[in-house]
Amino acid sequence: MTYVFDFSWLGEYMPVLLKGIGITLQLIAVGAVLGISLGIACAWARALGPKWLGGIVAVYVELIRNTPFLIQLFFIFFGLPSLGLQLGELTAANIAMVVNLGAYSCEIVRAGIQATPRGQFEAGASLAMSPFETFWHVVLVPALQRIWPALSSQVVIVMLGSAVVSQIAAEDLTFAANFIQSRNFRAFETYIVSTLIYLALAILLRQLLRGVGWTLFPKRATR
Amino acid sequence: MMEFSTWDILRNLLLAARWTVLLSLVSFIGGGLVGLLILFMRIGKLKAGRIFARGYIELFQGTPLLMQLFLAFFGLGLFGINVPAWLAAGLALILWTASFLAEIWRGCVEAVAKGQWEASSSLGMGYVQQMRWVILPQALKVAVPPTVGFSVQVVKGTALTSIIGFVELSKAGTMVTNATFLPFTVYGFVALIYFALCWPLSKSSQILERKLNVAHRNH
Amino acid sequence: SADALADITARGTLRVAVPQDFPPFGSVGIDMAPQGYDIDVANLIGEKLGVAVELVPVTSANRIPYLQTNKVDLVISSLGKNAERELVIDFSTAYAPFFNGIFAPDDVEVADIAGLSGKTVGVTRGAVEDLELTKVAPADADIKRYEDNNGTISAFLSGQVDVVATGNVVAAAILARNPPKRPELKFLIKNSPCYIGLNKNEPALLAKVDEIIAAAKADGSLNAIAQKWLAADLPTDL
Amino acid sequence: MSLIAITEVKKRFGDNEVLKGINIDVDPGEVIAIIGKSGSGKSTLLRCINGLESIDDGSILVAGAQLLPDELHLKALRLKVGMIFQQFNLFPHLSAGRNVMLSQMVVKKTPKAEAEVMARKMLDRVGLLHKFDAYPDQLSGGQQQRVAIARALAMQPIALLCDEITSALDPELVNEVLAVVKELAAEGMTLMMVTHEMRFARDVCSRVVFMHQGRVHEIGPPGEVFGNPKTPELKQFLGVH
Amino acid sequence: MSLIAITEVKKRFGDNEVLKGINIDVDPGEVIAIIGKSGSGKSTLLRCINGLESIDDGSILVAGAQLLPDELHLKALRLKVGMIFQQFNLFPHLSAGRNVMLSQMVVKKTPKAEAEVMARKMLDRVGLLHKFDAYPDQLSGGQQQRVAIARALAMQPIALLCDEITSALDPELVNEVLAVVKELAAEGMTLMMVTHEMRFARDVCSRVVFMHQGRVHEIGPPGEVFGNPKTPELKQFLGVH
């Protein structure tokens, strides 16, 4: 079959694409920052916090990790209104990203905390720091450094997974691709373009996270 | 329009879940084999192999699985290569799974202490012998929990095959919802079935991890 | 393939892309088999061509790639037509009417297109009504485009959008379920019919399909399909 | 009044009674060496005094205040008693200076500038002022241990507990750490140290505690303990025949 | 003819020249101790002899055969020269017996039954026959090191390289390993060992090599090297003033 590729639509639809890229970037920025923060809090709760809280967090983590992101998104967007909580599609998408990444990063960060030598906790304690102060000032940074590569990969995975937010009309990069191809029927071209953009974003994001790691952990903290 | 009873909904979803299971198995077994190949290239002595493996991993981990599926099915079709949907789905899922497994396993191989390489070298073993008898058996033990853990991602990843026409669990959910307008019942069941498939895997990976930590022969 | 029509005859099957997420044009029965207006039209054409019909359920994201990679011969998936699309594929004559309407609960005041100003309107991305609405809606109407009909309806029922643009028959299907929120017709946007999509440069197939549609209109068999699924006669101007 | 009063302290791990009723009174300015075989409970005793392990019976009083296992009492105790470990336990992500500053700022809410002044003073005292900005992994073991001492000193404790603080060091580095400890002793710091350096114990300590199977088996001035061991266990431990 | 002839061997890591021209000839049956400060290149030298590091210049001949960095030559070399490490490096997934059997079966294709006979013999030689089925993590450090020796011996090498094989052991366990080495020496095995056990070196070795900054700084019989160090560096290293 002789298919003639035609990318002439790129100019006309560039604003749609750019907006899509912008929203995808925004989603991953919010998701990464708040998601990792949530993950840290949950990791604390599971590894060091009170038992009842650890139990609640465990249920949250298992629920999220064992069901598809799309279903979680649907429940937040279509389900919460019936409980009186009406969220816009972007807010819903952001929350879904945070909740999702929060569960994954909880497990990753927890592994980092558990790999902390006991001596670090004891040194903190013997300097009269409270358990939480020890966690915050002593344990956290080296723990994060230990698991930073794993966390970075998870952020990239979640970024690529964010594509499904287009299903609730959030106008991310995949929405843009689907929108464009629904108008011009140039599915291959739009998907190739969006795939390449995703690839570029993934590579950039990985580099960015590496850079963040370098600034966050200027010194070789783990031994 | 005929009425779906709750049982009809559940039955159809369960029937569709067979595809989810089958696709998961295919991607896991195939992905494991290809992943092993990529792993050997990635940690091998051949520079070209290492570069290829890195590029491969970057590509398949850096693009959405959805697009990979789309391009495997329709993209090849464009060039007159008429791959059946099951082949395209299998192919894309296998290649995608392999890229992740190769990276996971590389971490495990590298976690084997350097002294093990040196001790086996000094006993006169060649590269392949070291791998076969000393490194891989140790890497394998640490590899089991993360590998089982990743299988959860694979199970969920199979949902995307609907783009090339597979009516697996997620897709069946959408179709039934469109016929019934009962999104909550349907997606509730869908979530439940996924949970029933994935949770045992997650749990067993955690249990395995704990077991290995107790009986650690790895130092 | 030199001639798609010859291929179909030689193969003995007609492969048709049909929707399964767009009742009453295409959805599934309790046995998960496709059913609906589009499916009946596909069967009608197959029958007239004297070949078996193979139905391929598609979504709006992949229906055209199926056609372009020659995995199906026809797309009967309530396709709307626009100039851009016509550059990529060919369209038959219209085979189904589609009354695009604006629907909202009783208490929402929308009288005409200008009344959409400031409103959030839900629509299924890439559907006939999406193309139409995009053309005519005021600039400050907030159009939310959902992946499929299901998304649009869920958005409406959960209050995520005030108003939906959809086919009257689709709205009727919702009303039939007695939902808590009732999509009442506010006004019709336009009657923009659906067409069968097929690959470019297949004059023989195109001519044959057009001929079958014309004959079906003339002998009332298409009208029977309309009666069955839309509970209305075909408009005379189709 | 004794600074640290340990009375009938018992500690069990499961079925294993590790401390079987310990009694020691430490006067201000005393330097106590604790010796004994591996597993005799030396570390456990120090850890109990620092509240890292809770005791099952008996009492520990530090400067007249009872050791109770709630957060407030523990904090008060640890402000008085510093501890230094065999494995240094420096915070790897902080420079030497920051290591010394951190607990002052976090626990005592000392302003940063003030904490830094104190950190410089303490690092100077252990001879490492020039390593203020070095990270732990850039320091030798001996230097790391001296930073750990500075870190404990910066909290201005009235007593220091040292658990085999030279055992993880290469022989060449042991002396630089012991020199610092000797100086502290000379300055009047109260010290309780588990150590295997018998010569050091003999030279510097005011009393030596020999622990055996969870009990204080012999206690006395070093001349007596080393010169004239009474029990066969201590004799065996010291290799005297 | 010397069994191991090391001639003008140089080794660089990046800009850092770690071996700056080493010459040592080892006769059959000799026991050579290599001493020197940390970083002087002792380990690197042994690793070069075993082909774990490639050399940048000079030559190493073992039993007349040149060390070349291709797999065939390396394998031939390693069949002749065994190496034992500070960290034991036993294979943790195999029992002691299996550890000793593995390389015979894999490298020499010895039939299993025969390999097992040899393994039992070698484990017996290091006094660990009763630990045949024990896994490394069930053995003490000293036992692990003795299994490592048995493993190397099972390949029937003509010489053994030992790199600080007692440094990771608790003092009590050092002797059981040194006893095995002493016996090997007495039986005529050619040994090159990096060690910090000066007394052992003095008692057992035929010659002592003092390395300093990548060079052989002094070499000679132990009586001479320890009794009458010539260079100030060696004097300082030995703590002689």
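We call the chains A, B, C, D and E, going by the order they appear; numbering starts again at 1 in every chain.
The rule we apply is simple: contacts are C-beta pairs under 8 Å (C-beta built on N, C-alpha and C of every residue); 3 or more make two chains touch, one makes a residue touch a chain.
These numbers were taken from a predicted model, which means no experiment stands behind them.
Q: Treat touching chains as neighbours: how many steps, at the fewest, connect subunit B to subunit E?
A: Shortest path length, in steps: 1.
Q: Note the shortest touch-path length, in steps, from subunit C to subunit E.
A: Step count on the best path from subunit C to subunit E: 2.
Q: Mind listing the chains that sit against subunit A and also against subunit D?
A: none
Q: When the Cα trace of subunit D is superposed on that of subunit E, what is the rotation angle, expressed as a multiple of 5 degrees?
A: Rotating subunit D by 175 degrees superposes it on subunit E.
Q: Let me spell it out: compute each chain's centre from its C-alpha atoms, then which one is farthest from subunit D's centre?
A: C
Q: Just curious, how far off is subunit E from subunit D if you go by their C-alpha centres, in Å?
A: That pair's centroid distance is 39 Å.
Q: Measuring from the mean C-alpha position of subunit A to the mean C-alpha position of subunit B, what distance in angstrom results?
A: For subunit A versus subunit B, the centre distance works out to 20 Å.
Q: Averaging only over C-alpha atoms, locate the centres of subunit A and subunit E and give their separation in whole Å.
A: Each chain reduced to its C-alpha mean, subunit A and subunit E end up 52 Å apart.
Q: Taking the mean of the C-alpha atoms as each chain's centre, how many Å separate subunit A from subunit C?
A: A distance of 37 Å separates the two centres.
Q: Which positions in subunit B touch two or more other chains at once?
A: Touching at least two other chains: 70, 74, 77-78, 183.
Q: Taking each residue of subunit E in turn, which ones touch at least two of the other chains?
A: There are none in subunit E.
Q: Could you list the positions in subunit A whose residues touch two or more of the other chains?
A: In subunit A, 1, 3, 74, 78-79, 187-188 touch at least two other chains.
Q: Quick one: in the complex, what on subunit D touches subunit A?
A: Those residues of subunit D that touch subunit A are 50-52, 71, 74-75, 78-79, 82-83, 85, 87, 89-93, 95, 102-103, 106-107, 135, 137, 148, 151-152, 155.
Q: Mind listing the subunit B positions that touch subunit C in their complex?
A: 1-5, 8, 12, 15-16, 70, 73-74, 77-78, 82, 162-165, 167, 172, 174-179, 181, 183
Q: For subunit A, which residues count as touching subunit B in their complex?
A: Of all residues in subunit A, those touching subunit B are 1, 3, 62-63, 65-71, 74-75, 78-79, 153, 156-157, 160-161, 163, 174, 187-188, 191-192, 194-195, 198-199, 202-203, 206.
Q: Going by the contact rule at the top, pick out the subunit A residues touching subunit D in the complex.
A: Residue positions touching the partner: 117, 119-120, 122-130, 133, 137-138, 141-142, 145, 217, 219-223.
Q: Enumerate the contact residues on subunit B facing subunit E in the complex.
A: 113, 115-116, 118-127, 129, 133-134, 137-138, 141, 216-219
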